[in-house]
Amino acid sequence: MEAFSDGVIAILITIMVLQLRQPHGSSFAQLRTSFPSLLAYVLSFVNIAIYWNNHHHLLKAIPMVTGAMLWANLNLLFWLSLFPFTTAWMSENGFAATTVAVYGLVLALAALAYFILQVIIVRADGPDSRLGRVLGRDLKGKLSFASFVVSVPLALVWRWASIAVIIAVSVSWLIPDRRVEFYIRSIARDHDTDR
Amino acid sequence: MEAFSDGVIAILITIMVLQLRQPHGSSFAQLRTSFPSLLAYVLSFVNIAIYWNNHHHLLKAIPMVTGAMLWANLNLLFWLSLFPFTTAWMSENGFAATTVAVYGLVLALAALAYFILQVIIVRADGPDSRLGRVLGRDLKGKLSFASFVVSVPLALVWRWASIAVIIAVSVSWLIPDRRVEFYIRSIARDHDTDR
Amino acid sequence: MEAFSDGVIAILITIMVLQLRQPHGSSFAQLRTSFPSLLAYVLSFVNIAIYWNNHHHLLKAIPMVTGAMLWANLNLLFWLSLFPFTTAWMSENGFAATTVAVYGLVLALAALAYFILQVIIVRADGPDSRLGRVLGRDLKGKLSFASFVVSVPLALVWRWASIAVIIAVSVSWLIPDRRVEFYIRSIARDHDTDR
Amino acid sequence: MEAFSDGVIAILITIMVLQLRQPHGSSFAQLRTSFPSLLAYVLSFVNIAIYWNNHHHLLKAIPMVTGAMLWANLNLLFWLSLFPFTTAWMSENGFAATTVAVYGLVLALAALAYFILQVIIVRADGPDSRLGRVLGRDLKGKLSFASFVVSVPLALVWRWASIAVIIAVSVSWLIPDRRVEFYIRSIARDHDTDR
């Protein structure tokens, strides 16, 4: 499951570059017309990288793969797979209000899918799940989801504020999820003690 | 063989999004024109995910890779690789009768290829193949193949009925193949007993 | 090296489908205009599958990866990576003489690159290389290379004969390289005896 | 991390071929119009191959993956992911001065990102890092970075000299990084002695 997800995410993060339209001429002035595209590309690249990073840590903590996890994972990959579409649509229409709203909506649905996957994994880990305790109420995850949800109507009123919210949430995740990282190290430590 | 198949399937499921045409404007009304495309994308995404899921379980049960399996597997990957083509053709022509028929035909041929691969693997597993007994007469697989075959002429008469048949078969497979999953667990149990 | 090569080959075999142009209408008559494209696609799919299959067997037999092998391998991947280009160019120009010649030329250069990789691996395996003895003079490989070389000028004189030669060589390789397969089994047997 | 990076690099090296424009006709004369494209493709293919090769050796030497390494690695992958864009822009504008400058700039930023990743890995390896001693002052890496930086303004004055510099640096890296290779073997030797 990890190899397949890694594969899909690697492809998604890469094919977005195929939709970076080249400027029509070769001057610097014309290259500047590609800037919105490039910024949208960077934003989506960072968001997919964040999912890859956290997803990677999360899957490491799985005790056994179940059918429910497979489908929750595919659900997440589905929403991630729409990123190239929403990114291209947004950047080619100069960050028009509607396109930003749809971009935020797909971000929100991906965050929800990630949350569902996480709940299923914690549940499979049992009532005393250490991963569950480490994640706690996962305030950061819930807040991100809420922010993305808010960014949707906000885009229709004041699109730059919506983009600012999306960027802020993305930047806040650039710091890797130390809780899960911590959890994995604690498992590794126990293994060493067992030996 | 599994890594290569996973790679090909991961790429197929992802590149389909490259063929999602963006609406020409940025309004919600114009986004609605992308809806047929999006629905076709979801349908193909789900179908490829189903193949990945079952294929994954099937390959886990292989005792030893033979040349025949390699080619049967490549045959399956070939038909799957046509999904992006038939999906795009169907959605860009507003689900025209002919395009639905071709979409159903490729689904039928992929189902047949999967069936052939399965037969080869069961045969290699010997006359008392546990996988063979678990799959039994594989009624679900045969029925799906038959339904896809029926969807081809049906599309030319009444295309929406044909689409309904295809969706119904797809939904029926969203439940993972518990028989093979069960089989793998029974193998794992035996291994534990052997030790 | 094997994972990377598998990745590149998996991507190559898949992206070719992105260049399958859809017919302009939705009727069967118009679908027929896609037939040359589809045939060229099948031919290239089969050829890349053959390389994957044999390459897979060859790499299994490597004792230790050297820098020379890495570059010989990248050289092979480079020529394989031109297949989508030559396939699309040939099929979109109705198998025009020049395009068939270039298609055959890239096939010949890929065959040469494979041959070089094979020589480097056999040499690294030492003078008594079992793989070397199994491959022997590799008449089949040399004959294929020679046929592809012949197909280049032949295309300019009589293009259908050239295509026939290319198809004939491809079909002859659909049978997996039993010599290397045999070699791997003999290694496996020795391992069992050693224990 | 290695699997994901290998995946991204494999995809990048392959999708560039999708941007090789086919000549409009089928004659050899018209194929010649694709030559600049093809040369740019070869140059970028070689550069990505060099990164893959050295990156591969570098990651082998990592004692433990940290969050900083993950992000330094994603930073490198980001700059590599712009290669298809800059390659296509440069080749489609006949190697115009501005496009060569931007091509060189992205090469410089990728070299810088590689350098940062290397520093982070050496630092994590401790003050007596053997990898650090083997790399030494990494004169070759610094010189390459400096040359790419120089190629940017040079392109605006005399573009062919700029291209010559880029080609010269690329060729100088075709020889694999023997220092790291040597280091890995020395580790392997120690392991053998330990047993």
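All chains are identified by letter, namely A, B, C and D, in their written order; residue positions are counted from 1 within each chain.
Quick note on the criterion: a residue touches a chain if its C-beta (ideal position, glycine included) is under 8 Å from a C-beta of that chain, and two chains touch if they have at least 3 such contacts.
In this text the structure is predicted, and so the values were computed from the model without any measurement.
A centroid comparison over C-alpha atoms places A as the chain most distant from subunit C.
Copies subunit A and subunit D of the same chain sequence form an interface built mainly from non-equivalent positions, shared numbers / all numbers used being under half. Centre-to-centre spacing of subunit A and subunit C amounts to 38 Å, using the average Cα coordinate of each chain. Centroids of subunit A and subunit B (each the mean of its C-alpha atoms) stand 27 Å apart.
With touch defined as above, residues shared between interfaces to two or more other chains in subunit C number as follows: 3, 7, 11, 15, 18.
The residues of subunit B lying in touch with subunit C in their complex are 3-4, 7-8, 11-12, 15, 18-19, 67, 70-71, 74, 77-78, 81-82, 84-85, 88-89, 92-93, 96-99, 102. Contact residues of subunit C toward subunit B in the complex are 3, 6-7, 9-11, 13-15, 17-18, 20, 22-23, 25-28, 31, 42, 45, 49, 52-53, 56, 174-176, 178, 181.
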